[in-house]
Each structure stands twice: as C-alpha cells, then as structure tokens.
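Shared chain: chain A. Partners: chain B in the first complex, chain C in the second.
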Partner chain A sequence: MVALENVAIHTLNGVQYGFVLFLIASGLTIILGILDVLNLAHGELFALGAYVTSSLVGALVGAAFTPDSGLGFLLVVLAGSALAAAVLVPVGLFLEAVLLRPIYERDEVYQLVLTFALLLVIKDAIKYVWGPKPVRLEGVYSGINALATVSIAGRTFPTYKLLIIVVGAAVTVGLFYFFERTKTGRIVRATAIDREMATAIGVDVDRTFTLVFAMGAFFAGFAGAMALPPTQAHLEMGADPLVLSFVVIVIGGLGSLRGAFVGALLVGVLTRWATWLYPAMELAAPFAIMAVVLLVKPEGLFGSWGERA
Partner chain B sequence: MTPGESPGPDRRTVMKAVGGSAIAAALAGCTRLLGDDGDDGGGSADVPDEPIQAGLQTFTEGAASVLGLQTQYGAELAIQRINDAGGVAGREIELDVRHEAEAHVENYQQFVDEGKDVTFGPTSSGGHEALTQEVEEQGVVNVGTDGTVTTLYEETNDDPLYSFRFQNYDVMECVTVARAVVEELGADNVDTVAGINPNYSFGQDEMRFFVKALKQMTDAEVVYEGYPDLLAEDMSTHITEVNNESPDVTFSSMWGGDVTTLLTQAQANDMFDETQIAGTVLYSAVDDLGRDVIEDAEAISGSRNWYWGHPDPGRWSPGRDLFEVARDQFDVVPTAHFHSGYGAVAAWATAVEKAVDLIGGWPSQDQIARALEGHGFYTPSGYHVIRADDHQGMSNSYYGRMTWDDDVGAAALTDVGSFGPREVAPPPGTSASDWIDSW
Partner chain C sequence: MSDDRRLPGVVDRDGERRVRVMAGLELSRGRAALALLGVALLFAVPDLTPLLPGVKLLVVHQGLLFGFAAVGLNLLLRHTRLVSFGHAAFFGAGAYATAVLATHYEVAGLFTLLATALVAAAVVATVVGYLSLRHTGLYFALLTLAFGQLLFAIAQGQQFLGGSDGLSVRPGPGRGGAPTILGQVFAPEVYELLVYYLTVVVVLVGLLVMYRLANSPIGNALDAIGQDRTRAQFIGIPTRRYVWAAFVISGVYGGIAGGLYGVAVKHVRPEATLHFLRSGEILFMAILGGFQTLLGPLIGGVVFFFLKIGGRNFTDYFDALTGVVLLLVVFGFPRGIVGSLGGDRSVRARAAAVRSDPTVVLEWAVAGVGRLGGALRTAARNVRSVFGGT
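And now, the complex of A and B:
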C-alpha cells in the first residue's frame, strides 16, 4: 500500500526538480518565442552558471561565511548564486549582439550551426578555466540543510530543496509580472507577436532582442547555480538540461512561458512518481509524457508565445 | 625498522624474488632494495633501439575523469619507473593518452594504425565489451585497466588471445563486499537489502552478484532496487524509497562523482540513520567527499586490488611509497584506479622482459600474449597473476570502513581486510553465477 507521506515527499521532490527545469526552460523558451532562435548552447550557459558559482560562492563561503553564520550563510549563498548568474548577462549580450544578430535574416540552419559551435566553444572555455575534472561546492548543501530540519510526517526533507521551491516560485511570479505588468515586458511581448509592427511604432528591436537573450542567459546561469550544491559541475552537465528543456517547451508549446511553467512541473512531478513506482522508467518518463501530450495536443499545452505570456 | 634502514636482502635475492630484472624490482616498488639502478633487462638480446610506443585510453575529462585521471597517473608512474630502471629490455616506453569518450573501438583502431606496440584501458565496462573483439581481430595486445564487467570473458569473449584485464572483475569485488557486510553486521542481522546502482551493465552486474552472494550467506530479501542514470543530479527518489524500506544494508556500486552526489544527498535525507551503506568502489570518490559525509555514512567500501594503507606501511613500505609519490606528483589520494593503470603497465612490461629473455630477441604480439598467460608479477600491492585460461588478472581484494583521516585530509579505510582470489573468484571454466550457486 502506498503511504501518504511517501506521496508527499516524492511530489515535493518533483516540484523542486520542476522549478529547476523551469528556470532553465524559461530562458530557452523566451529566446525561441521572441528571437525565433533555437539556442543549442543553452545547456552550456546552465553549466557555466554552475562553474562560476563554484568559484564565486566557494570564495565567499571560504573567506568570510561559514554554515555557522546561520541565516546570513543562506543569504550569502543566494546572493552569490544571483551574482554568478549575473556574470552570464554580459556573456549573453556579447553572444546576441556580436554573433547572432548578423545571421537573423539567414536560413535557420545557420542559427543551429552557430549555436552548436557555441556549445563546443563554451565547453572548451570551461575546461580551460576550471580544468577537466568535476568541481563541487564544499559544505554549502549540508550547511543550509543544517539550518533547520524540515520534517513531513516523520520524514526528513532537505531544507535546500525547500529553498529551491521558494526561490523558483518567486522567480516565476517575477517573470510573469515582468511580462504581464511592466512596460518593458509588454514591449517584449509586442515584439514577439509582430516584429514589423513593433518596429513601426518605434520599438528598438535590436535592443529588445539583446535584452531577451541576456535574460535567457541569466536564468540558465541561475538554474546552474541553484542546481550545483547537491551535486557537481562537470563538462557533460549541459547536455541533459538542454534535452529536458526541449521536452518541457514542446510539452508546454514552443515559445510559451506559461507552457514552460506547466510543462516543467508536469515533467518534474511525473518523472519522480514514475521513478518511484516503476524505476525502469526513469530515463523514458519525460519522453513518454511528451509523446502523450503531443498525441492529444500537437501544438503543446499552451501553443506559442502570443497574447499571453 | 623500515626497509630503508634494514641491512635487508642482498641485490641478488631481491631480483630473484620479484622476477629477475631491474624493472620488475622497480615496479614492485623495491628499487631502493637494489642499492643502484643498474639495468639487468635484456642482456645481449637482439632488440630494437627505438622507444616502445604505448597507447592508453581512459577518461581524461568530464565526470568520469575522477577515475580516468587516476588511471592515467598510475600508468605514467609505472612508465616513469620502468624508464628510470633502463626500460623494457633497454627500450624506454612513450605513452600516448587518449580520452576514451564513447569511442573505444575507434581509439584502439587509431592506436593500431599509428603502430602502437601495446594498448591499455579502457575504464568503462560497456566500452571494454565493445572493444574486446576488435582487439582479437587486430592482434595488438590490450591490457585492460578496468572495464570490470563479469561477462567480458565469460560471454562476450570467452576465448581471448590478445585481450587481457589486470584489475579484479565485478564478481570478486561484489563477493568481497558481501563477505565484509556479513563479517561486520553478522549474518543474522541482515534480513533486508536495497540497491542504488548506476543504470548500465556495470551497475546491474554488480547488484546481481552482490545479492546472489549475500543470499547464500544470509536470508536477506531484496526490498528495493533503483538505477539512476549515470551523472544523475538528483537521487532523492531512490533515497526516499530506501528510507521508506529501512533495509539493513543498502548496496551501491556508484563510482567517482556519483558517489559524492549519492552520499551527500543521502546525508541530507538522513538515510544513514535508516540503513548501513556498503559499496564496491565508494572509496573512488575519496578526493571529493567531505568530512561530515564520511563521518555520518560510516560506509563499508571495497578497494579492488589495492589500498595504499595495507599491508601496514611499517611492514611493507612500497604501498605507502606509491601513495606519497601520487600525492606529491599528481596531487591525488591514489585509489584502486591509480593501481589499475600502474598494474596494467607492470603486467605487460614484466611479461615482455620475460619473453625477451626466453627468445633472445624482441617478441611478436603472439609471443607477448603467450608470455602474459599465467604470468605472475609484483606491484606495490603484492603479487598478481594473469590467469592463462581467461586472461583475467587475479589479485587480493581489499575492503574496509571509510573514516576521516586528519593526517591525509581525506577519507581513509579502517579495519582493512582482504580476501585471496580463490575466496572471491570462481575457478577457471566456471561461471561466476554457477560458482556462487555452488556454495
């Protein structure tokens, strides 16, 4: 018989995983929805975020803050992760303004070749800077988990995972607020709906595109930063997030932020349940979910980027 | 009294004991017992002047490089010692290292095309199975460093000619850890077992043989089996299920970075309060595991055919010497994978020198392969034999409990024990499965 507390913990694990997926997929989907570019290097931006975090947060933790610093330690880790992700912003600005912009008018295959080349270049750059071996963030995961033990029906749930859920929810609310309520967000959406009309009414499309790509890079980097403490940063780490992000945005509808959110939580929770109830399905589960959704709704759950985020 | 201080055995005695040549002594870690670095290899045999070209494929980058670089360093150190002792029959070795990636056959073919005299590797079990028939077709001897899957010489290549493997294979380390668990916990206290193992041939092979061996010694029942993908970032689903079942033992053949991810996340979920974790190569993550995790886990770990702290360095210093060189020269705590690279080179070099002495010239690939069959040689871990029938290396098998060592600044093994090959491996011609069934 399935115990209820087991259901609760597996579901929470899935929600946490879903928020990490959403952070990655949100960047991919807004770049696809607005720039119409399928960025194959997006997974490497995730990896770059993790590597930068290992250095930046590692230095902060080693220099001035220890797990004994309590809440201050948690805030430093969060600030360090955001700062590491911010390093991705100039990277995104450079990639869009210098490399992608000249080929927007060309066939899509040029974008695929370029972003695939970027994938390889970023991976080599990571190898050059951080070396061939994996790196990890010593003490942060256990340090945050030591702050308070969250117990659900007698079972321990790591504090760091709850932190990811809270931060993920805050980022989600912030993103939707940005696109629905702010002037810049509306300009971005208008550009996505009709690029020529936006230009005609005075929107600087080049600047909008650069902003969107930099935002995508930031969220990929932030996802890498948040994903690092319980695991390690290694040269292959960009591949799975890229593939799973594609699955998520295909499920949600190409270019739809709302679709990416629902798709990410769906994949997160259902894959955790599938792994729990039938462990052999661990690898196949996300693709099985995608196949079912596409059979029922070929355009994805929420269609493409449009009137609503 | 340390070996360096001892008047000790004379040069002739040492040479005879380790195989009769300077490189055999150097590879055994006994050079200092010789008193000088004289070159006794080759004698007046007719051998070419040019260096021996060797190729090694292992994981030189990415997550698996936690193992692969150790293998590379071990091979490099063995070659350094051979060259310092005058080379194999006077020929120095030059090593070309290649990232094995998913290109095991292609790497080997390229080595052959480049005229390599010998090849070593790979680290991956799946890669070794893909490679072994190609070795038989090309006919250039390959001494496998790891790639320890049991079926390699039982099914995939059951009549090998040029393919050899130095490291102990899966069944040996699984039986070792199963025996260690029974020794530590007592057969009557092991009623339930779970497994979290990597999702490919190695992980499935290891879980199968561990459970098979354990069931022969206890009444244990399997209550959970999980197989996370290699490099999985989140193992919490499996950890939650282990916590739900609270098995007496949880077995894991995770290696390298996956060990750190598993143990770190297990600690966060208080899994060590629910179960005793035991694994075959948990110690392979020694350079990454933090003190808190080591102390919470109190894991039982195998260490394949070498652990640097055993036998006691006071009585047998070559193992400790190897440890110190590895730390100074390569900045790692050497693991069994370091020894895989070292031992594979040692096996080939000492066999070739033996062949040169026998035939009075440089041996062909066929002659080298025949010299390796039944070949015995020493490394700092002791004596090894390459079995003639199936080309499988046979060595003692080590295990212990992981503990934090302040002097090392990393994990060490305590209560280290070992089993001889006959206690943990089937006799030639008997499958591992049939052998365990016959207990």
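And now, the complex of A and C:
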C-alpha cells in the first residue's frame, strides 16, 4: 500500500529536482532556439557556477555573516548564488562574441566541435583553480543544518529544497514575463523567428545573440549554485546535467521554453518516483520518457521557439 | 609499349599509368607508392616501437582502433552531413560484447568474440538510428549524445557489466589469460602482435570497403541526401532507409573497432569506451585528420593518441591541451591534416611557391598577422558592441 504522505514527499522532491533541471535546460534551450547553437559546454558552465559559489559562500560565511540563524544562511546562499551566476555573464559574453560568432556561417560540425573544445578547456580551468579533488562543503554549508525542517503531510521536508522550489518558480515566472511582456524579450523572439526581418527593422542581431548567450550562461551558473549545497562540487558534475537537459529539450520540443518547463518537471517527478518505487529504473526513467516522446511525437510536446515563449 | 612487358595490375588510363587495386580503385604511381609505404609502415609498427622511447605498441593500436571508429563516423559526416556525437556507444557496445561473453559465458574464441561485437553494435545502431534519425542537424547530434550517455549510465550502474570497474576479457583459467585464436593459445607477446596484425588487416579491408561504398550508387545517393534531403526524396531516393543503413554501417565500424579494443586491451571500462567524451574524441579525430577525406579520420586517430600520450607526459591538463588543439583546427585548419595536403592553397602548393621564390614566406607572414589582427579587432568590436558603443 502506497501511503499518501510518501507520494506527497516524493512528488515534492521531484518538483524540486525538476526546477533545478529547468534552470539548466532553460539556458540551453534559449541558446539552441535563438542562436541555433548546441552548447556542449553548458554543463561545464553549470559546474563553474557551483565551484564559484562554493568559494564565494565560503568567503561570505567567513567574513561577513555568522550563519547561525537559518534565515541568515539562506540569504548568504542566495546572495552567493546570484553573484556566482553574475560572474558567468562576462564568461558567456566572451565565448559568444569572440569564439562563436566567427563560425555561425560555417558547417555546423564546427560549432559542435568548438563547444566541445570549450567544454574541455573549462573543465581543466576548473581543475587548475580548485584542484582535481572534489570540493567538500560541510564547513561552508554547515548552516544548512541550522535550518528548521518544514512539516508536510506529517513528514518533514528540508527547508532548503523548499527554497529551491520557490526560487525556481520565481525564475520561471520572470523568464516567461521577460519573453512575453518586455520589449527586449519580444525582440529576442522576433530574432529567433526571422533573423533577416529582425535586421531589416533595426534589431542589432549580434547584440541580441550575445545577450541570449550571456543569459544562458547566467542560468547555467545559477542552477549550479542552487543545486550545490546538499552535495559536493566535483569535476565530473557537468556531464549529467548536460545530458538530462538534452532529454528535457527533446521531451519539450526544440528550443521551446514552455516545453522545457513541462519536460523538466515531468522528468524530475518521474525520476524521483522511479527512485522510490523501482530504484533500478532511476537512470533509465528519463530516457524511457524521451524514447516514448520520440516515437509518438517526434517534434516534442510543444512546437518550436518563437511564436510562443 | 607492348602489353606483355606490363606488370600485372598496371593499367593505362587517359595516357597515364595507374595501379589497379580493385575494381573502381586505380591509383596514380605516386599515390600507389604512398599507399604501399603506408601499408608497410602499418605492418612495421611493432618493429619500430621499441626504437622510440615512451611509445608502446598498444598506443598505436588504440589510435588505429579509435581512428577506425572515426572512419565509420565519417561515412555519416562526409556524405550525409549528419554529426553523430554518440559513436562511443557503438565502440562500447562492441567492447562490452567481448567482455560479457568472455567473463560470463567463458567464450574464448577470438573470432566468435569479434563477430558478437559486430552484431551487438549493429543492434544498438539499428535501435538508436531508428529513434534519432527522425531528426537532422543539431537535434540529431543531441539525440545520439543522449543515447550514448544512456549506455554509459547502464554500464556503470549494472553489476552484471562490472560497474565503473568494468569487465576483463580473460576467458577462463589455463588459457594464458587471453582469448584463443583459432583454438590456439599464444604467449602474451605473440598474442599482442597477432591481434595488432589482425587490426591492420581489418583496417585495410575496412578502408577498401568504405572506398567502394563511397563511390557506389549508394554513396552518391548519400551525398545527394547530404546536400538536399527534400530534393533527394523527389528524385526517388528512399532517404530514410538509406540514412538508416548508413548509420548502421557506420555503427558496425565502431563495433568492430570496439571488439578489437576489447580483445587487445583485455579490460573494458565504461569511462574508457562509452563516455561521451570518447564520442567527442572520435569526432575530433575525424576533424583533425580531415573529414572530407577517406584516410583523414584514421590518421587523426593515430595523431590524437600520440598527442594524448605525449601530452600526458608533460602536463596534467591534457583535456585543455586537446581543447586548444581543437580550437586551432577549427579556426586555422578546418580541412584537417589530410585535407590540408590537397588543393591549391595546400602544403604542397605552398612548398613549391617557397622553392621558386623564398620571399613569399614574408608575404604570408604579413598577411597572417594582418588576418590575426583583423580577427582580434572584430572580436574587440563585438565585445564593445555589447555595451552599446560601436
């Protein structure tokens, strides 16, 4: 007999995981949808965000705050995450403006190889700065233990995970607002639909592209920062998020933000249920959903980017 | 010149003497000599490696095997213009097929192991191809990478497959800890040599088959599909089936290479065979060697492995080194090693120009610096434009 409160907890776990996936996949999907670039280095940007956050939060905890109160700790983590993600913006600017732009016109194999090269370089840059060993974070994130747990349906649930859900929801709303309601967002979407027409009506396509890539890098870094505290930062951490966000993109539809959102939550919840009910299925679950979507609706659940966010 | 004085295999074509290798493949004399030299070099490798410090036969061997997988990948890349980012899946499927048979079923025959590797790769390629060939372009690359990583996750998660430690290919005790060749047990050194020679033969046959395939009606159809899929459909080419077949053949090349890897290295680990970085490396070999050529991927494979071993000796940051070489290839030599040897701006043409007028080097240097400066200025302008100023 499956108890109801268990269902609730595992679903909530899945939603939290889904929001982390959405944060990663959103960056990848807007870059794919608008720039037509499959950024294989996206996972490493995620890892970079995590590493930078670990150092930043460590410094913040040491210098300014004593995170003995739960709220103080959460504020420090949020501030550290936002700062770390901000560090990734110039990285994104550089990658797009200097390296990617010269090869848009060329065979697409070159951009794949280029982003693969960036993956390798960023990975080793991380290894150079933080060393080959995983960065342990017990000291930095000891404040997480000071947080009171939240009680839901008779079961306890970590407050930090709840925070991820709240922040993830806020970012989701913000992203949709940006693309649906703001002028810049509409310009970006117009560029995605028709590059030439956008140029003709006076849109600076180059600048739009750089902006989008920097945005993608920002969200990758932010996802890494938010996903970090319960775990450790290690060199291989970029691979799984990259592949899982591929799965999310395939499920949702190429370059569709709406699709990425639905896909991420679907993958998140189903993976956590699988982990709970059939642990052997944990790895295969996202891919199983992907295979079904590919067979039934090859273009993904939602069409492509542009007409709707 | 009378016919009876001619060597067998030498034919006249358009007033030029050519060496006939097989139907449809006739080389000019220079090329035939080069090919002969290449083959001789491949067979001489075991005798040459002891002379070079730090180079082991197994290194060259692995380079050849991954290069062979890259030759398979190149069938898709060169003709149908599809970028597969999951070729390690087929390599790994082949390698794991040998390991599973040897470890769990006590199969010792080398050729049985290899045949199974071929079949396993074909099956995996058929399924992955069916699911991912509905898409082209970046979407296809993304799907192949995802499926490849699924296999990696399975291999790492299943106890049956040895987890992250992998499986060894050493069937049963009392057989010298290696597969048997035609029922015979060989000493380790002899076994290593025999498997290497087998690899050389397989590679040569594989290259000839690939050449025939590329120059057959099927190869032309694949070219047409790569140039314009819709138009290819209009002239009656069953594009789906052709691309699928090409995908499976390409996977089989990877599987054979993987199977040979299994019996040569005698230990199969997920990290070394299935990880998506290996897929990236296989693609890198094709680009490095020149993906518009038949031999490029193979040469790229061997060069890559030398780079790997050489790089490992003097830096811990081998991945970054690979990345930088890759960037150089993308921006400086997009046609790769073999591709850069042909054409009018090729190495040979330039060497001839230097011989006739050495000062031309100065001109090139000035032009090169100019281009580099131009690229840097463009980059700086791009960065500035982000902040509003132009």
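Everything that follows uses one rule, which is that the second predicted complex is superposed on the first by the 300 of 309 C-alpha atoms of A that agree within 3 Å, B and C clash if a C-alpha of one lies under 4 Å from a C-alpha of the other, contacts with A are read in each partner's own complex, and residues count from 1 in each chain.
Just so we're on the same page, contacts are C-beta pairs under 8 Å (C-beta built on N, C-alpha and C of every residue); 3 or more make two chains touch, one makes a residue touch a chain.
Values in this document were obtained by computation on a predicted structure and should not be read as measured data.
Of the two partner chains, both chain B and chain C are touched by A:127. By the touch criterion defined above, A:3 lies against chain B but remains apart from chain C after alignment on the C-alpha atoms of chain A. Once chain A of one complex is fitted onto chain A of the other, the partner contacts of A:158 are limited to chain B, with no touch recorded for chain C. By the touch criterion defined above, A:231 reaches chain B but does not reach chain C.
In the overlay built on the shared chain, the residue A:101 is in contact with chain C alone; chain B does not reach it. Of the two partner chains placed around the shared chain by superposition, chain B and chain C are both touched by A:283. Judged by the touch definition given at the top, the superposed model places A:13 against chain B, while chain C stays out of reach.
For chain A, the partner touching the most residues, choosing from chain B and chain C, is C. When the two complexes are laid over each other on chain A, chain A has residues 127, 132, 283 in contact with both chain B and chain C. Within the complex, the chain A residues that touch chain B are 3, 6, 9-10, 13, 17, 127, 132-134, 136, 138-139, 141-142, 145, 155-158, 160-161, 227, 230-232, 234-237, 240, 272, 275-276, 279-280, 282-283. Within the complex formed with chain C, the residues of chain A that make contact are 32, 36-38, 40, 93-94, 97-99, 101-103, 106-110, 112-114, 116-121, 123-125, 127-128, 132, 204, 206-207, 210-211, 239, 243, 246-247, 249-250, 254, 283-284, 287, 290-291, 294-295, 298. Interface of chain C with chain A (complex): residues 77, 81, 83, 85, 131-132, 134-135, 137-139, 141-143, 145-147, 149-150, 153-154, 157, 275-277, 280, 283-284, 287, 291, 316-320, 322-324, 326-327, 329-331, 334, 375, 378-379, 382-383, 385-386. Against chain A, in their complex, chain B makes its touches with residues 60-63, 65-66, 69, 199, 225-229, 231, 233-234, 236-238, 240-241, 243-244, 257, 260-261, 264-265, 267-270, 288, 290, 292-293.
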